[in-house]
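Sharing a structure, written as structure tokens. Questions coming.
Naming follows writing order (A, B and C), and every chain is counted from residue 1.
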Amino acid sequence: MTMKPSLKIEKSKLRLPETELFGPGSRACAGCGELLAVRHALKATGSNSIVVSATGCMEVISSPYPESAWKTPWIHSLFENAAAVASGVESALKALGKSGIRVVVMGGDGALADIGFGAVSGALDRRQSLTYILTDNEAYMNTGIQSSGTTPYGAWTTTTPAGAVKKGKETPKKDLVRIMLGHGVQYIATASIAYPIDLVNKVKKAVSVDGPSFVHISCPCPIGWHFPPEKTVEIARLAVDTGMWIIYEVERGILRITYKPDRLKPVRDYLVLQGRFEHLSDADIEKIQSDCTKSYENLVNRDGKSLI
Amino acid sequence: MAKKRTASKIQLAVGPGTTSVYKTGSWKSYSPKLGERVASCTNACPVHIDIPGCLLLVEEGKFEEALALIRDRSPFPSVCGRACYHFCESKCTRGDVDEPVAIRSLERFVASFEPKSKGILVSVGKPRGKKVAIVGSGPAGLTAAYFLAKMGYRVTVFEKMPVAGGLMYTGILDYRLPKKVLQFEIDLIKRLVDIRTNTCVGKDITIPDLLKQGYKAIFIAVGMHGNIKLDVPGEDLEGVLYGTSFIQDVNLGKGVQLGKRVAVIGGGNVAIDSARAALRLGAKDVYVIYRRSKDEMPAKTEEIEHAREEGVKFMFLTNPKRILCGEKGCVGKLECIKMQLGEPDESGRRRPIPVQESEFMVDVDTVIVAIGQTIDPSFAEGSPLKVQAGKPLSADPDTLATDVPGIFAGGDVVTGPESVVEAMAAGRKAAIQIGHYLKGEPLESEKELQVVDPKDIDISRILSLRDMSLKVRSKMPKLKPGERLDNFKEVELGLTKETALYETERCLRCGTCFGCNECWIFCPDAVICERNGVFEIDLDYCKGCGICANECPVKALLMVPEGG
Amino acid sequence: MGRLEIMQGGAAVANAVKNCEPNVIAAYPITPATIIVESLAEFVADGILKAEYINVESEHSAISALIGASSVGARTFSATSSQGLALMHEALFNASGLRLPVVMVVANRALSAPLSIWNDQQDSISQRDSGWIQLYAEDVQEAVDMCVQAYRVAEDPKVLLPAMVCMDGFILTHVYEPVEIPPLEEVRRFLPPFNPKNKLIPECPLSFGMFADPSFYTEFKYLQHTAFMEAKKTIKKVASEFCKSFGRDNYGDLIQEYRTKDAEVVLVSMGSLIGTLKDAVDDLREKGIKVGVLKVRSFRPFPSEEIYNSIKEAKAIAVIEKDISLGLGGALLLEIRSELYSKPKKPITLGFIAGLGGRDIPKPSINRVVEKAFAAAEGRKAKEEVEFLDLRKEMI
């Protein structure tokens, strides 16, 4: 008798909710980090929700007429109006007396942090009960890797290429968490696809909050960041292990870092795996390292304290 | 469904989850495959037992299934569980962290469940109607017999000794492998094949006879039992014994004349076993005399330690020069000379060179020479096989074919003295090749195995996923040295069930899925899903990104090119 | 039958909308539409209207919120003008493509630059390709009635298109006129509850707003196109039923004809100017001049047949409109001309651009237009192809 090789996974031992509310058959690139984030976020938001997507990778790969990968009610309108459309959905549910259905806004960095930012700000001001899930792949990937407000310092994109005179993006990432704090959001979290249980817990908390909530997920993109697709999760993990991406939550203004590596790895380990950073000189990497160490220490010093 | 479609035309609204009509599996050029890679222990094992798979079954309490897994590759789990040189442990990934998993002891533990299953795991295959003759009932011969019988061939094993088992019987002493244990496993094979002891091929029956009797293939597995002489003056005195013969006599229960002061010449396991047997037979002083230093000694370190514990004394960098006569024409003294190490010789070890004028005397009454074996060519009598004196029988290392079609050879007779498990590997290979030959198929060498690189194993992640901490290797309970000396009782007592379960958890499961579900968690497209009660990778949708293989902490998944 | 009240135009429209019971209102202020949403805010604040009122941060978000709300199955409303409508541009196409029956009042106002808060119809006319039904009101009462009819037309399952009710900014929004607001109970009888077949609910999860590749896109546009054809019939039907239910039939359906039966010259226009034109025509008729007015009430869908049948006997028509497709001419003129092209019998057509940026159009100017039309009918060609009425030559 030869043992037939088979996956020994048992249902009872699954560490995340089992139901899949997305796909299969979506046109996402092989190894897409955003797709993994959406898959996990949906496990937390559940089927009693309405998802409002902005134009972007996740919308395009999921909805080629006449197909749709979404198993929750879903609407896509335009690029910059997801938060406004979601406001309308939330108001309509209230007006029609339908309670308990959570409205989730899903968008990338372009849709929620740049062109759609105004709509987000307006919706936050209205304190409507919307959960914003920002799947951040650090550029406008759907249109072919252009620079966005969350593209990190030094990264190559097609609109911030590395050439003889310019060396990639010259400004740092937008600090969306602080912007959310400025809007008085009561539950803000950052998460990583490499820590899925943490991600799911945070989204679960976010959808149960009264009023707006925001979860910012770091999603490596093999095509845009230039690395082989099997390394997506590994790179997400390295981002956290080097301190380049810190995962935490801010509840009513109080910071709680949910995972701290025992010892930070050098950022070089993270940068060297991505082709979008290959033009960086040692001096550039040193600068990135010192900026990273500083931000990390600043945040760690405030762990448990108010960020306001 | 049709109604929805009409509505959707007007409203650009469609039903849920309908992208499933698009099979993204067509995108991939690599597929994740399970079971394509073996752990480094499995690779090191000459018979390639799926060790992590076996240990996983032990952890789950499925002892009979674990035994069946071993028996898929080896007919002698009890033997190897005691006497194997455990090549597996030397390549155990765990060994990079603390100490290797006690794999051999666990094999013994699993083998202990054989009696309960009443040997129902061993049975013949559907008859194919052809006969195969095997010369020699040692590990190579019996293993070949076992696998050929499972394939459905009628096998007859010819053994010149009165007992079957070859060196497993005559060369391994009871304190390591009790005869009862060995006999039980040989008896299981006897149910499948015909073993004819006291039948010497080359004398009682020749190879041409066998061919005339209708045997369609012959496997030569006679081993290498000729003693190599020391070639010193006095070697023909009474009291000079040869290691393998001495141990054989002990094992066959023949009375052995041994003195009180024994010198064993040699540095291999035969020398050590000779020394330990001598102690048990009443010798007061036992010396092992070896011409190189301890580091070059070929014997297994643990054997050397056992010998030391029992009181064997070692003389390194020493060589015998002459055996001198004592009373009554027997051995009385041994003249030795000190050695020093010079340039490496053809074996790669530094050549020992006598130190001028360093001779000294040792009082001994018995000298056991255990410096190696040579071939006994009598089996080839009357056959077209060419055997050169002092040289091993030549056979292709991959196909085991000799230059006579239909005659195969393997084990010590071809390789020189090697371990039991290596002989078993040869036996298994022979069975496979004979199988090809008898079906008229071309002989082919075994595909090279893909091995998990221990460097790729993320140990801390595995421990965290299994919610375990690093645990030290368990200790094998043994007879105290004082309890061993006047008997041949088994020294190692075997792991208890509790210890075995403790030890089996130490295995990191390299290359074997243990159900951590990281692949399920990290697949972006969620193509790892439940089908008919088991979790599988749905290749209709898998895009071949490789995240599952990369995240698997034991590297059980391998990305294999499509169509390849 | 309700009672007649003197009301400001914007407030009147708000009252009508209140009785249509929208579930979600998105509000962003812009002169001169602001008054409409302010009135609605008060109704909501006093609990008179039970609706969710979203103070959005831009018009783009206003229409977007309504897209979201409508897809959940809510009846929706907003009001805007000029820059706000222009900002909504992409979303207007989106709402129509998604077949959501949003209703919006556009208080027509000129577009920047130069900045102007006063009336013309450039804003809504510029959106004529966006896939929205466009109805133009002659006076406050008509604007009020149009709101009720707009919901009925838009929400019709065979139509399912968004609709804008266009009323001239300031001229109709800020004027006080006697008006009868259709009472709540009668509106409830006239307007069935909005219950779309496809909506966003977890019990039946649907996906709205996919992308369509070249093999599918055209068909969606075709279906919208045919919906407009259907809308023509629906607008007529609804207007007629409105008459029966509310007893008012003096506004027309797709068009309205005023003394065009034997007219030699017909003046064609949209919106509040119609009132002035009717007055001018009455004066001219007393002098024996055979002139009439064709009011285009529905600009989209464009009532080609109805317009043709109305003007085919005339010798000349003068299209007076408050918009221009720069470098070419007024949209209404151009569309009428293109409809007449293939017809064997057609009047001479003259176009006049008037009232841009809120400039008054007094009766003497209209009389001049009539003269020019008669002159053209007699074969005397006009000096310019496109004439800007009352152009201040000393400024240019």
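Definition applied: a contact is a pair of C-beta atoms (placed from the backbone, for glycine too) under 8 Å apart; a residue touches a chain by one contact, two chains touch by 3 or more.
None of the values given here were measured: they were computed from a predicted structure.
Chemist: Per-chain Cα mean versus the mean over all protein Cα atoms: which chain has them closest together?
Modeler: Located nearest the centre of all protein C-alpha atoms is chain A.
Chemist: With contacts defined as at the top, give the pair, A-B or B-C, that has more of them.
Modeler: Top pair by contacting C-beta pairs is A-B.
Chemist: Tell me which chain's centre, taken as the mean of its C-alpha atoms, is farthest from chain A.
Modeler: It is B.
Chemist: On a C-alpha centroid basis, what's the spacing between chain A and chain C, in Å?
Modeler: 44
Chemist: How many Å are there between the centre of chain A and the centre of chain B, using C-alpha atoms for each centre?
Modeler: 53
Chemist: At what distance in angstrom does the C-alpha mean of chain C lie from that of chain B?
Modeler: So the centroids are 92 Å from each other.
Chemist: Among the residues of chain B, which are close enough to touch at least two other chains?
Modeler: In chain B, residues 8, 12, 14-16 touch at least two other chains, as defined above.
Chemist: Listing for chain C: what residues touch at least two other chains?
Modeler: In chain C, the residues touching two or more other chains are 98, 205-210, 212.
Chemist: Which chain A residues sit where two or more other chains touch them?
Modeler: Residues 62, 64-68, 70-72 of chain A each touch two or more of the other chains.
Chemist: Taking the complex as given, what residues does chain C use to touch chain B?
Modeler: Its residues touching chain B are 97-99, 160, 196-198, 205-210, 212, 219-220, 223.
Chemist: Once bound in the complex, which stretches of chain A touch chain C?
Modeler: Residues in contact with chain C: 47-50, 52, 59-60, 62-68, 70-78, 80-81, 83-96, 98, 101, 118-119, 121-122, 125-126, 128.
Chemist: Provide the residue numbers of chain A that touch chain B in the complex, in ascending order.
Modeler: Answer in residue numbers: 1-11, 13-16, 20, 22-33, 35-36, 39, 62, 64-72, 193, 196, 222, 228-234.
Chemist: Which chain C residues qualify as touching chain A in the complex?
Modeler: 23-24, 26, 50-52, 54-58, 60-62, 64-74, 76, 90-91, 94, 98, 200-202, 204-213, 216
Chemist: Over in the complex, which chain B residues touch chain A? Could you list them?
Modeler: Of all residues in chain B, those touching chain A are 5, 8, 12, 14-24, 27-28, 34-35, 50, 53, 56, 65, 68-69, 72, 121, 513-515, 517, 519-530, 534-538, 541, 543-547, 549-551, 556, 559.
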